[in-house]
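In what follows, subunit A forms one complex with subunit B and a second complex with subunit C.
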Partner chain A sequence: MAEPVLTIRDLRVYFNIRAGTVRAVDGVDLDIAEGEKLGLVGESGSGKTTTALAIMRMIKPPGEIAGGTISLDGRDLVELSEPEMRSVRGNDIAMVPQAAMNALNPVRRVRDQMLDGLRDHGVNESRNRMQDRLTTLMAQVGLNANVLDLFPHELSGGMKQRVTIAMAICHNPRLILADEPTSALDVVVQRQVMETLEDVRSEIGAAVILVGHDMGLMAQFADRIGVMYAGKLVELATVEQIFANPRHPYTRLLISSLPDTDGKKRLQGIPGLPPSLLAVPPGCPFMPRCPEAMDICGVQVPELIGDIDIVSCHLHTEARVA
Partner chain B sequence: MSITYIGARVGMFILVVWLATTVIFFLPRIASDRNPVRERMIMMAATGNLSTGMEKVVAAYERDYGLDQPLYLQYIRYLSSVLRGDLNVSLIRHPTTVMDLIQERMPWTLGLVGFSILVAFALGSLSGATLAWPGAPTWLKGVLPIFLTLSPIPYFMLAFFLIFIFAVRHEWQPEWWPMLPIAGASKVGTIYDGWDLARVWDVVRHSILPASSIILSQVGFWALGMRGMMITTAGEDYVTLAQMRGLRPDRIFGQYGMRNALLPQLTSLALAMSLIVSGVILVEYIFRYPGMGSLLFDAIAGFDYFVIYGVVLVLIIFVATATLVLDLVYPLIDPRVRRAA
Partner chain C sequence: MTTTAQTIMHPSTNINDSPLLELRNVTQVFSSGPIWNREHNYAVNDVSFSLTDKPALITAVAGESGSGKTTLGRIMLGFQRPTSGHVLFSGRDVTGMRGGERRQYRRQVQAIFQDPFSVYNPFYKVDHIFTVAISRFKLASSRDEARHLIEEAISGVGLRPSETLGRYPHQLSGGQRQRVMVARSLLLKPQVIIADEPVSMVDASLRATILETLRTLNHELGIAILYITHDLTTAYQVADNIMIMYRGHVVEAGDVEHVINDPKHPYTRLLVQSIPMPDPSRRWADMRGVNDPPFSGVEVAHGMCPFVNRCPDALATCVEDIPGTYALDEHRISKCFLYQDAGTVPNADIAAYFNIRAASPSNGDATGNM
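So, the complex of A and B:
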C-alpha cells in the first residue's frame, strides 16, 4: 500500500450536551493512501459525516475533537492553530458539500465566489491569468465559461454541484471530502456529477473520501469501503471483498437491503434502531440488532482485527481463536 | 430591471402621495371647525394690537384663500396649487409662505434625524451581526441588554431622561465635561456668516442630546433584528462551505454573512421610516429644535392647516421616496429579485 496521505488514529468527537456526552465518533482509525477512493457508509448518526467534518476541523460547539490524531502528510491537524487550519482548508483538503442547492452565496456571481477562494489562499495574479484559471476550471467540470457570470439561482442543481467541484479542485488538494455530493440530485445528473468528480480526481491525483449511504454508488466509485456504526468503524475492506464476502453482520444486512434487479426479492431493511450515542451499551453496539449475536457480544467490545481487511466482530475473534 | 417595473413603482409612489394628501386635507377640516384666522385676530385683539374691523379682516382672508368656499372646491384649489409647487401661505405667520418655512426647517431635520437614524442603523446592524457571529467580544454581549432595555422607551421619554442627567444634574458630571445645551440648534443670539469651525462645533453640541435620544432608543431595535437574521445566515450552507473553503474570516463575515442578513434589515428601515419620522417630531419639540417636527407641532397647536398640509406632504413624500428607492434598489442588491422584476 502506498504511503498514506491521511492517517487518523483513535479519533474521538464528543458532543457535550446537557443530557451527557454524545460519542458521535468514538475511536476511529483510518488510513487513506495517495489517490485512493475511500467510501464511508453507515446509517444517519453513525458518525460518517462527523468524521469528515473532524478532518476539516469544522466541528462546532458543543462538539469537540476529544482525542486522537489526524495527520495529513505527517502534520497533525488537531494541533494546528485556527489560522493555520484555515490555510489547510480548501488548499490541502477540499470539501464537496452535501446540499449544493444552497451551498453558494445567493448574492454573489459564481466568478466572484471562485475568486474569493483564490485570493484568500494568496493567489495574486493578473486579471487575465485568473480569468484563464477560472475558464479552465469550468471546462474541467464540464461547464461553459459563461456560467461564471451567473448568480447561483440561475443554475440548475447539477450545475451548482459542478461549481462546488470546481471550487474544490482549484488548489489541487491532496484530499477531497465529498459528503453525499449527489443526494439532492436525480439519478441521471447523479451519475454525470460522479463521473465529473472521478475525472477531475484522477487528473489532479487527489484522494477522495466519499461519505454516503448509497451502497450502489459506493460500489461504482470507491476502491475501499469503510462501514461505520454507532461512531465506530466496524468493517473496512476493498469493494470486491465487501460485496463478495462481507464479514460483519451489519455489512451483510446493509448489502442485502439493496434492491434486487430481478425484482423478485422483497426489499429488506434492518430491524431496530442504532443505539443512543449518549449511553452506548457495553459490548458490541450492534448486538441488539444482530441476528448472530452471542453471549460475549453483550459483554466485550470486539477488537478490530486484520491488516488490510479489517473487521470488528466476535464471530471473527472466535474463528481466530478456534 | 424593466421599464414596466420602474413605471409600476413610480405609479404606486404617485398614488400613495395623492391618497395621503387627500386624507390629510380632509381629516383636520372635518374633525374641527376651528378658524385659525379668527383665533389669531382674537388673540391680537386681546393684546390690544387690533381694535376694530376684525370681521372685515377675517372675511378678506377667507376670500383671498377661498376659505369661504365649499370644502371640495378648496380641495381642488389646493391640489392644483400643490401641483404648481405652491404650498400656500401660513395663516398664522402671514405672509410667510409654507414653502419658505419648510425650506428653513428642512435642513435641520435632515441633519439631525437623518444622521441619527443612519448612525443607529449602522451601529445596531453592525453590533447585532457581530453578536450573532462566533467569537463576539464579551463587552458587546454586556452592552446589548442595555440597548434592548432602552429600545421600548419612546424617544421623548428618553429625551427627558437625558435632559435630567446631563442638564438638571450637571454636577454629576466631571469638571471638564461641557454643559450640553438642551434647546435650539445653535447658540441664541449668535449670528454666523458662513460655516466656520466654531459654528460647526456649536451645532454639533446642540445636536448631541436630541441625537442621542434617537440613537439610544433605536440601536437595540436594529441590533435585535440583525442578530436574528445573522444567526439564520450563519447556519446557511453557503457560509459553512465558505469556511470549509478556507476563506478569510472577515470576508465570510462581510460578504457571505452581513451582505445577506442585511437585505431584510433594509426593508425594515424603509418601512420603519414613517414611524421614525413621527416619533422624532416630539424629540424636536422637546429640544426646541428648529426642524420640521417643531414646525408641525406649532402648526397643529395653532390649527395653521396650510402649514400642517405642507409639512405632512413633505413627510409623506419623504417616506414614499424611501419605499420607492428601496423598491428600485432592491433588485440591484438582491439578484434573486431581478428575475421577477
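So, the complex of A and C:
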C-alpha cells in the first residue's frame, strides 16, 4: 500500500447530551493512501458522516472529538489550533457537501463566491490572473465560463454540484471528502457528476473519501470500501472483495438487499434496527440483528482482524490472506 | 350510471366494464412569467393510461426530476385538476364527484408519499392517522373494533402493534414511519395505491422490506399500485410494467423486463446505462465525448421531440415535429421517430400494451415477517 495521506487511530466522537453520551464514532482506525478512493458506507446514524466531519474538525457542540488521532502527513489535526486548522481546510482537505443548493449563497453570483474561497486562503493575484484561474476551474468540472456570472438558482442540480466540486479543488487538496454528493440528483446527472469528480481527482492526484449508503455508487467509484455500523468500522476491504466475498454478516445482508436488474427476486431487507448509541449493548453491536450470532457475540466485542483487509466479527478469527 | 360512463375498448383485453382509474388525454400545463411573455411548461403532455383490478398490477412511472411523474400521480389522486383531459374513477369523471361518491373515490385511491417525516403531525401519536381514517370513513362501530382494525393493519406491514401504537412520530425510525403510512393505506383496503418515491428517503437496508410489503399488498389483496420512482432497479424488481417519462411525455412503456433490459428509446437507454450497478465488474461505460447529440444547441420548444437536444440519434424530423407513439410489439410502445415504421398507435390507453402477469412470482412465503 502506498504511503498514507491520512491516518486515523482510535477516533472517538461523542455527543454529550442530557440523556447521556452518544458514542457516534467509537474507536475507528483508517488509513487513506495517496490518490485512493475510499467508500464509507453505513445506515443513517452509523457514524460515517460524523467521521468525515471529524476529519474536517467540524464537529459542533454538544459533540466533541473525545479521543484518537487524525494525522495528515504526520501532523495530528486533533491537536491543531483553530487558525491552523482553518488553513488545512480547503488547502489540504476539502469537502464536497451533500446538498449543493444549501452550500451556495443564493444571493451572490458564482464568481464572487469562488473568489471568496480563493482570497480567504491567501490567493490574491491580479484581476486577470484570478479570472483565468476561475475559467480553468470551470473547464475542469465541465462547465462553461459564463456560469460564473449566474446565481445559484439559475443552475440545475448537477451544475450546482459541479460548482461545489470546483470550489473543493481550487487549492489542489490532498484529500477530498464527498458526503453523498449525488443523493439529490437523478441517475444520469449522478453519473455525470461522479465522472467529473473522478476526472478532477485523477488530475490533481487527490484521495477521496466518498460517504454514502448507496452500494451501487460505491461499486462504481471506490477502490476500497469501509462498512460502518453503530460507530464502528466492521469491515474494510477492496471493492472487489466486499462484493464478491463479504465477510461480515452485515456487509453480506447489505449487499443482498440491493435490487438489480438481473431477474426478479424476493427483496430481502435487514430485520431489526441499529442499537441506540446512548447505550450500546455489550458484545457485538450487530448481534441482535445477526442471522449467524453465537453465544460469544453477546458478551465480547469482536476484535478487528487483519491489516489491510479488516473485519470485526467472531466468525473470523484469522486474517484473510491475499 | 349516466351516459358519461362510456368505456374505451382495449385492443388486448376484453374488459367490458370500466378500469378502476383512468386518465384520458390528460395534459397539465404550468404557466409562469409575465402575461406578455408567458412560459408554458407541459408537466404532463397528453397521457392516456389506466389502472385495473383485473388483474391488479404494479405499474412503475420513472423519470428524472421534472419529468412530470409526480404531477401525474397528483392528478390521479385528485389533488390537481388537469388543464385538459379527464380523470375517471370507475368510469365516472372525478371532477364532477360530490358527497358520497367523492368519499368513495378518496377511500379507494390511497397515497403513500416520499417523506415519512412531514406527513405526520408531530403533536399527535401515530394512532391519530388511523383513528381519523376510521371515523372519517366509518370503518368501525366500536373502540374495540377500531383497535382490532388498526392492529391488523400494522401487523400486515410487518410491524408489532405494541411497539408502534401509542408512540409519537419522532420515536419511530424513518423506515417504521413509512411502513405506518403503508399500514394506513392497508386499513382502508383501497383498490389503488399511488406510491410516490416511497423509499427514496429510507435507508437501503429498509427499502427492500417496504417494497416487499407493497408487493405483498398487490399480490395478496389485489391492490393496483402505481409506483413512482427515479430508481430503475427498484422499479424493475417491484413492477410488472413501466412508463418512462421525459418532460411530460411518456417516451417508452411496456413490460418492465423488456424496457429495462432492452431499452429502445434513446432516453431510456441513457437512463439504463447510468444505473450504478452494485457490481464493481460492471462499471459505467465511459460515455464522455462519444455520441455527442447533433442538436445539442437547440432550445427545446413545444412542437419538437422533448429529448432532441440530448439525443445522440436525433434526426432532422425531431426538431420539426413531436414524434407519435409507435407500437414496437404487443407489449412495447415508444415515442421516438426511430420507430415510426412500426406505425402510430391511436392515442389510446397505454395500459393496453402492458403485459399481464401470468402467475405471481415466487412470493409463496411473502409473510412480511421483518
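The rule is short, and it goes like this: the second predicted complex is superposed on the first by the 316 of 322 C-alpha atoms of A that agree within 3 Å, B and C clash if a C-alpha of one lies under 4 Å from a C-alpha of the other, contacts with A are read in each partner's own complex, and residues count from 1 in each chain.
The rule we apply is simple: contacts are C-beta pairs under 8 Å (C-beta built on N, C-alpha and C of every residue); 3 or more make two chains touch, one makes a residue touch a chain.
Just so it is clear, the model here is predicted, and its values are computed rather than measured.
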Exercise. Considering only the touch criterion stated at the top, classify A:Gln268 as touching first (subunit B), second (subunit C), both, or neither.
Key: second
Exercise. Would you sort A:Ile255 into first (subunit B), second (subunit C), both or neither based on which partner it touches?
Key: second
Exercise. Tell me which partner A:Glu43 touches in the superposition: subunit B (first), subunit C (second), both or neither.
Key: second
Practice problem: For A:Gln190, select first, second, both or neither according to whether it touches subunit B, subunit C, the two together, or no partner. | Solution: second
Self-check item: Partner, of subunit C and subunit B, that touches more residues belonging to subunit A
Solution: C
Quiz item: Of the two partner chains, subunit B (first) and subunit C (second), which one does A:Ile32 touch, if any: first, second, both, or neither?
Solution: neither
Self-check item: Contacts of A:Thr164 with subunit B and subunit C, given as first, second, both or neither
Solution: first
Exercise. Could you pull out which residues of subunit A sit against subunit B in one structure and against subunit C in the other?
Key: none
Quiz item: Can you list the residues on subunit C that touch subunit A in the complex?
Solution: 64-65, 173-174, 203-212, 215, 230-234, 236-238, 260-261, 270-281, 283-284, 286, 288, 361-363, 366, 370
Quiz item: Contact residues on subunit B for subunit A in the complex?
Solution: 134, 236-238, 240-249, 251, 255-256, 259-260, 263, 333-336, 339
Exercise. Sort out for me which residues of subunit A touch subunit B in the complex.
Key: 56, 58, 60, 86-91, 94-95, 97, 99, 101-108, 116-117, 120-121, 151, 153, 164, 167
Self-check item: Residues on subunit A engaged by subunit C in the complex (per definition of touch)
Solution: 43-44, 157, 186-191, 194-195, 213-220, 239-240, 243, 253-255, 257-261, 264-271, 273
